[in-house]
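For clarity, chains are labelled A, B, C, D and E in written order, and residue numbers in each chain start from 1.
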Amino acid sequence: MSSVSFRKLEKSYGALRIVKGIDLEIADREFVVLVGPSGCGKSTTLRMLAGLESISGGEIRIGDRVVNKLPPRERDIAMVFQDYALYPHKTVRENMAFSLKVRGVPEAEIRTRIAQAAEMLGIGQLLDRKPSQLSGGQRQRVAMGRAIVRRPQVFLFDEPLSNLDAKLRGQVRTEIKRLHQAIGTTIIYVTHDQVEAMTLADRIVILKGGEIEQVGTPDEVYNTPASVFVGGFIGSPAMNFARGTIRGGDVVLDGGAAIPLRARLAGSAGGLEGREVIVGIRPEHFVPASDGHAVSGRVQVVEPLGSDTLIHFAVGPSTLTARVAPQMRPAPGEALSIGVDPSRIHLFDAATERALV
Amino acid sequence: MAIAGETTLAARQDENATKRWVRFLDPSERTLAVLLLMPAALLLALIIVYPVCRLVWTSFHNLSLTSGAPATFAGIENYTLMLEDPVFWETTWNTVLITLITVPGALLVGMALALMANLPFKVKWPVRLSLLIPWALPLSFAGLIFAWFFHSEYGVVNDVFRRLGFEGVIWFNSASWAFAAICLTIVWKTSSFMALIILAGLQTIPHSLYEAAEVDGAGRFRQFFEITLPLLKPSIVVALIFRTITALQTFDIPFTMTRGGPGTSTATLAMYIHQNTVDFLDLGYGSALAVVMFALSMAVTAVYLRMIRAKG
Amino acid sequence: QTNLRVFISSQHRPDVWRKAFDMYEAKNPNVKVTIETGGNTSEAQAQYLNTVMTAKDSSLDVMILDVIRPAQYAAAGWTVPFNDVIGDVGAYMKRYLPAYAEANTVDGKVVALPAFADAMFLYYRKDLLEKHGVQPPQTWDELAAAAKKITEAEKDPNLQGLSFQGKAIEGAVCTFLLPYWSMGKQLVSDGKLSFDKDAAVKSLKLWKDFVDQGVAKKNIAEVATDDTRKEFQAGNVLFAVNWSYAWGQFQGAESAVKDKVGVVKLPSVKGGQPASCLGGWEWGVSAYSNNKTEAQKLVQYLSSPETSEFMAINAALLPQFPEVYTDPDVTKAVPWFASARPVVETAKARPVTPRYNEVSEIIRTTINGVLAGQATPEEGATQMEGRLRRVLR
Amino acid sequence: MNRDTPDNRSFLSGKPLRILIGFILVVNGMFPALWILFTSLKTETELTAKPITWLPHAPTLANYLRAFTDQPLILFLFNSFMVAILSTALTLFVSVLAAYALARLQIRGRDLILSAIIAVSTFPLVTLLVPLFEIMRALGLLNTWVALILPYTVLSLPVCTLILVSFFEGIPRDLENSAMIDGCTRIGALFKIVVPLSAPGVFTAGILAFVNAWDEFLLALSFNSNPMLRTLPVGITLYQGEFAFPWPVISAALVVGIVPVAVLIVIFQERVVSGLTSGGIKG
Amino acid sequence: MSSVSFRKLEKSYGALRIVKGIDLEIADREFVVLVGPSGCGKSTTLRMLAGLESISGGEIRIGDRVVNKLPPRERDIAMVFQDYALYPHKTVRENMAFSLKVRGVPEAEIRTRIAQAAEMLGIGQLLDRKPSQLSGGQRQRVAMGRAIVRRPQVFLFDEPLSNLDAKLRGQVRTEIKRLHQAIGTTIIYVTHDQVEAMTLADRIVILKGGEIEQVGTPDEVYNTPASVFVGGFIGSPAMNFARGTIRGGDVVLDGGAAIPLRARLAGSAGGLEGREVIVGIRPEHFVPASDGHAVSGRVQVVEPLGSDTLIHFAVGPSTLTARVAPQMRPAPGEALSIGVDPSRIHLFDAATERALV
């Protein structure tokens, strides 16, 4: 178990800069999730840490060692790949034993370690099967088992759940969390699914175009997104955005509605008056239209989820989504007026897309 | 502070120690590539490149061993000689003709065989074996066997003809019949390799495309021409490259079947090269012929490679 | 201690040669002889030897060569002449059948020494000729007449009058040359082409006429030496032109014509001389040998009347010395050699030229083409002349 | 895949038709081999009978006896087998290395190298006979298995490399990465993970190389004159005399020569076809 | 546009019965979703309707025609495959034109239809690309486009979204719903994702082992699941199940807690007294433990989603999941006491697993 640090980490393919100077300190035993849209450099970063990709600039340390030039096998890490990368020609047991054998761990020791890991993951009865005889979820567990038996300093996960179906994903997610609680090794986990990031991470690192957009606990990134990008990326269904202008303590949306913000703006002086802003409203922060400041629009699509209902409605030029109580079922085409909790809305500068207030 | 300093120092030394290993076991990509390609390169250099250089050198010299004279520089004489050598033209023409007949022939037959073999047979191995045997049968054996088949008296082909009430044909008495027999044999021998490659290509076409086409309303033939054929193109091109090159080198089958007869009407360029080199010991001229043939094959390969690349 | 490596065809009784070598080793304790056998056909051997010699390889000391090759090997400088070791060349060579002396002498140099003889014979069905009261033919016309008479009388659809070699193999060269020679013409004299076109046309026409008249079968162009042998042996042929090896086979257990075979000189054209085609094999010493002197000594032993007699008796190889044919021990072991000698004596050597392979190629493809009906005899002769002129300028 | 649609069953996959097609395929492929088998059971006399017979009248094994006694057929088989196996092994080793470099490593001019490899394979070996002989002599390799193994390896190298390249390209890189993290070097990962996973491709390449080596005649004739080292194709020509061509005996020897390859094919046919299937030869 | 009906539809492979007598009437213009776990026969049923699989028994009608023996091309349907089955060698335009060309539709007509469909799906600028040059979402849209230009009587979709990532899936889902609202053709849609079923369907057909388990509107199957299977299948996170016994108007869970059910049981007489039951509680139906009847357990894993928090806690032998307000964040290992809304719990017979009451 070990801390990990990235210092000005860079990666370029020829003239193309993929990772543009990442600075990050990961504490021992921490569970850090890297999220970001496809192509933002998450995998590249992780693979540089693993030694599978050369480093173009900066430095990576695991514990005290600078590992920039070490081959993967000497970095003392374990990695779970997106498609699990189980050796198809070896049984589950052989898959798990492989790294230990290569390192010359004695037979008896290998056997006990495999037994332990198998028990922890509930795959004891699968040990003699080949990967092709396993279901997706079982494969995922074996991949984790293969990593666990190594007892490495750091675990790396690259989108380990993206090949599972929705139901299983939730289940295995919980298992990974439990596993971390049990063994406590430092974990660096890459995903593009914000639900995984939210539920698993001690800290979330949000990447965009090879740079860090925000680092913080799940609550921090959910409640105080540093930018439009983070706001839109974290949370499901995604945050709604509407353009507006600040006018005398209210924010006036382009569609016409005004939301009173006097209370929140009080602190930040009147310097925002007349500023063009992007207003972010999470679907779950719409409230029944009881008081005056409601947004009005026309219902487009209604999606009943059973536990909630999603209403997609058009306000001026934009389509907003509200998550409301399951009983609420407006018909498509109907007019809708729905309230907004002014204390929960987010304001971003229209030009920089960074958070205001 | 001191302790921290020591550990980093230790770590440094550790790293240095491993670095030496790194150089040995973990060469850079480029070094590794060179190392891995080295054995193949050495072998090719030894067995092909060096002899080919000798060959090219010889082709510019007068070197006929029957004269006993040492090699003298001849410039392009061997090549100009070719222009007025009727046998060169005849054998080249025969080679081209064989290529033009047997390559498409093998492609068509191979395609038919592949389509047939792709049907869902319960017991697969006899079908597979039947596809693989002609491919695995040595060319010279195939020539011998088919020469026997086409024998005018004892051959099974004429026997079948007679049983069907036709006159037997004296295959090797006539240039065109002999040519036909040779082409038939070549097609038989080579179509199975074509079939194997096409079969391989067939099995990579996703089944759902046929279902989509069926739902879209396309019948059998339309499916074949609109889906199977276009998607087989890469396999077909590869098969064609290998086939065309070997067709240009046709030697064993006409050699064992007709010796180029009657007259020289079925002799190929490869046979002529062999004859000039090995029988007539005119190494200069033989080498020049070989160089021409090599140029021919290279040209064909280049065309095909361009076809592949144009697609990719 | 000298180790000599001798190349022999595995067809020519290496087991018996081994015995001959053993006897030599016994007399020359400092010499050891190893046999190397190569492909069985003249062609396969040539292919192998050509490769070895082209590469100037010293692994062979002595090699057996088809009678058509010594000239070529000498020209290429692959063999060592014997002139220096045999003393009086004229006297030494006179002992052999004249055709062999001729075939092994190039520009006055003895380039190889004869190993054993062979020639083409006319085999005939003694039983059938007797049955129909026909004498063995002296000329080709007589042969055609006899064949027609007997085949018509026998009414056996499978019985052919005459079988010879029409396939484009070396045997076809002899086929062409037999009547050509019989007309007293030579193809090559003193290394120069002496092509007689009329004779060539007549020769080609003679064979083609046999086919057209039904004396020979229509597919004669695909008949190789052994096809002639097989068909005759199966009792389907009246007259056959073939080498001496056929005799032994005809007398074998599987033969349908055992004891029904006669052998005579080949017929001549009307007014010509009978001529046979010389076969047989010669011993040459490799120019790249490291033991040339020892090798030459060995060859002289191998090409001696004693060895000849030994091989005649034990391996039924035809002797290269005329008197051995009539040696009592030999006639006892192989009685038919008595009737073979006159035939062998009429045998002529195929053109002695370094470019024999090309000459052969031209002749055999032409006659094959004519027999297949691809060209008329006239056309064939014209082609032949043209191509031969290019080769033998 | 069973295409079991309603209109399908009425068409091509009808059972009688399928049997007929299977029959055509088998006859096309097997007839010559079967004919040789029949011939090998006939006597020479039966062979020249008119009209010809198809099945042997009185099958005899005498030809096989002669095939084994006239010439050291077992020795030919042994030599052929050893040369073929060894050259196959060498081919596989060399082409695995080369294919891995071409498939995985970032090499400039990769396409050029591949094209060059194909181009090299276009050169007819016949024409190189003499220079090759000189090389073998210079290296003192004449009359050794090595003299055949080296050129045979080159003969199959291009096509094997091509097959393996496309196979390796189909193996997920993560498997190799995983092995490297698990403690292997790159080469270790190649032999422990990539090669075993390309088994069908390796088998296909192997059979190709084996058959190529098993069949070759000209070089075997020229480089190995020592009777102890003769391979089967050369050996088979020894049954033929200067003039004699004993078809039944030669057929028997041919049958003996075809059987090992056929057995090999039957054993590996699934793998060979699936080997070619997995994009095997993609160019 | 047309109705579809299945009558006693059967499919067997040899002795293996895959589809075991399905009876279903689908109205014209209806959007019906078939859901069920993997291997339950959804695809097989759909493929029998398409004519890609022969029918072992029963009858399928499209409109008035029995289509049992018709080849696919004569059934006038269009299908979107899971892997899209786009013709890789044809451009998008050619892909879309193919079925029309085969049917001999005039060139001009083809062009206008493609233009229309392309506009509807926003793929106008992709028409000249090959499928390999498209992203997953774009391919999906092209596959739909290819179906739309046909103007068939029925659209069939076989898991059309399962190859897309989470974000895109939500987006395309809404698009499909909008599409159906626009063109109104009958749609039969197969998926194993209950979210898709809930949000898209007019009616959901839940299959299990080749038989229909329940047919109903999304609200019906969510609110009154006919069996434990349906209850567990529909809704996310999945319904919690606990064993219990009915004792004097309460249901006593095996963990010990008692939930008062007098009000709900009143109607159904005392016949249930002593009955073994399975109690189903949806995660969103836990309420703050204000009144007495709460379940108590120990927190295992807490997953903050931002909009909500999921708490996995152990009660007796079983692990339950509750969806609670985002502010609530018990620590793992903590004791938890949480209320249940008695009116929202589901009771199933422990033996038959069918709904009670």
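Convention: a residue touches a chain if its C-beta (ideal position, glycine included) is under 8 Å from a C-beta of that chain, and two chains touch if they have at least 3 such contacts.
The chain lineup, named per UniProt: A, E = sn-glycerol-3-phosphate ABC transporter ATP-binding protein UgpC; B, D = ABC transporter permease subunit.
The model shown is predicted, which means the values in this text are computed figures rather than measured ones.
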Co-neighbours of chain E and chain D - touch as defined: A, B
Busiest interface, counting C-beta pairs, is B-D
Greatest Cα-centroid separation from chain A: which chain? C
Let me have the rounded angstrom distance from the C-alpha centre of chain A over to the C-alpha centre of chain B, please. 54
How far is the middle of chain C from the middle of chain D, if each middle is the mean of its Cα atoms, in Å? 40
Please tell me the distance, in whole Å, between the geometric centres of chain C and chain E computed from their C-alpha atoms. 92
Report the inter-chain centroid distance for chain B and chain D in whole angstrom, where each centroid is the mean of the CA atoms. 14
In chain B, the residues touching two or more other chains are 25-26, 153, 214, 278, 283
Hunt down the residues of chain D that sit against at least two other chains at once, touch-wise. 5, 48, 50, 129-130, 185
If you look at chain A, which of its residues touch at least two other chains? 71
Touching residues (chain side chain A, partner chain D) in the complex: 47, 50-52, 71-73, 75, 77-79, 81-83, 85, 87-89, 98-99, 102-103, 146, 150
Per the touch rule, the chain C residues reaching chain B in their complex are 46-47, 50-51, 53-54, 72, 75-77, 167-169, 217-219, 221-222, 354-355, 357-358, 361, 365-366, 368-369, 371-375
Okay, in this complex, where on chain D does chain B touch? 1-3, 5, 11-13, 18, 21-22, 24-30, 32-33, 35-36, 39, 47-48, 50-52, 54, 93-95, 97-98, 100-102, 105-107, 111, 113, 115, 117-124, 126-132, 135, 150-151, 153-154, 157, 159, 161, 185-186, 211, 214-215, 217, 233, 236, 247, 250, 254, 257-258, 261-262, 265-266, 269-270, 272-273, 276-283
Using the touch definition from the top, list the residues of chain C that touch chain D in their complex. 7, 9-11, 36-42, 44, 47-48, 51-52, 54-55, 57, 59, 158, 171, 224-226, 229-231, 234, 236, 243, 245-246, 249, 254, 256
Using the touch definition from the top, list the residues of chain A that touch chain E in their complex. 38, 162, 165-167, 170, 173-174, 177-178, 181, 192-193, 195, 198-199, 218-219, 222-223, 234-238, 282-284, 300-301, 303-308, 310, 312, 323, 326, 332
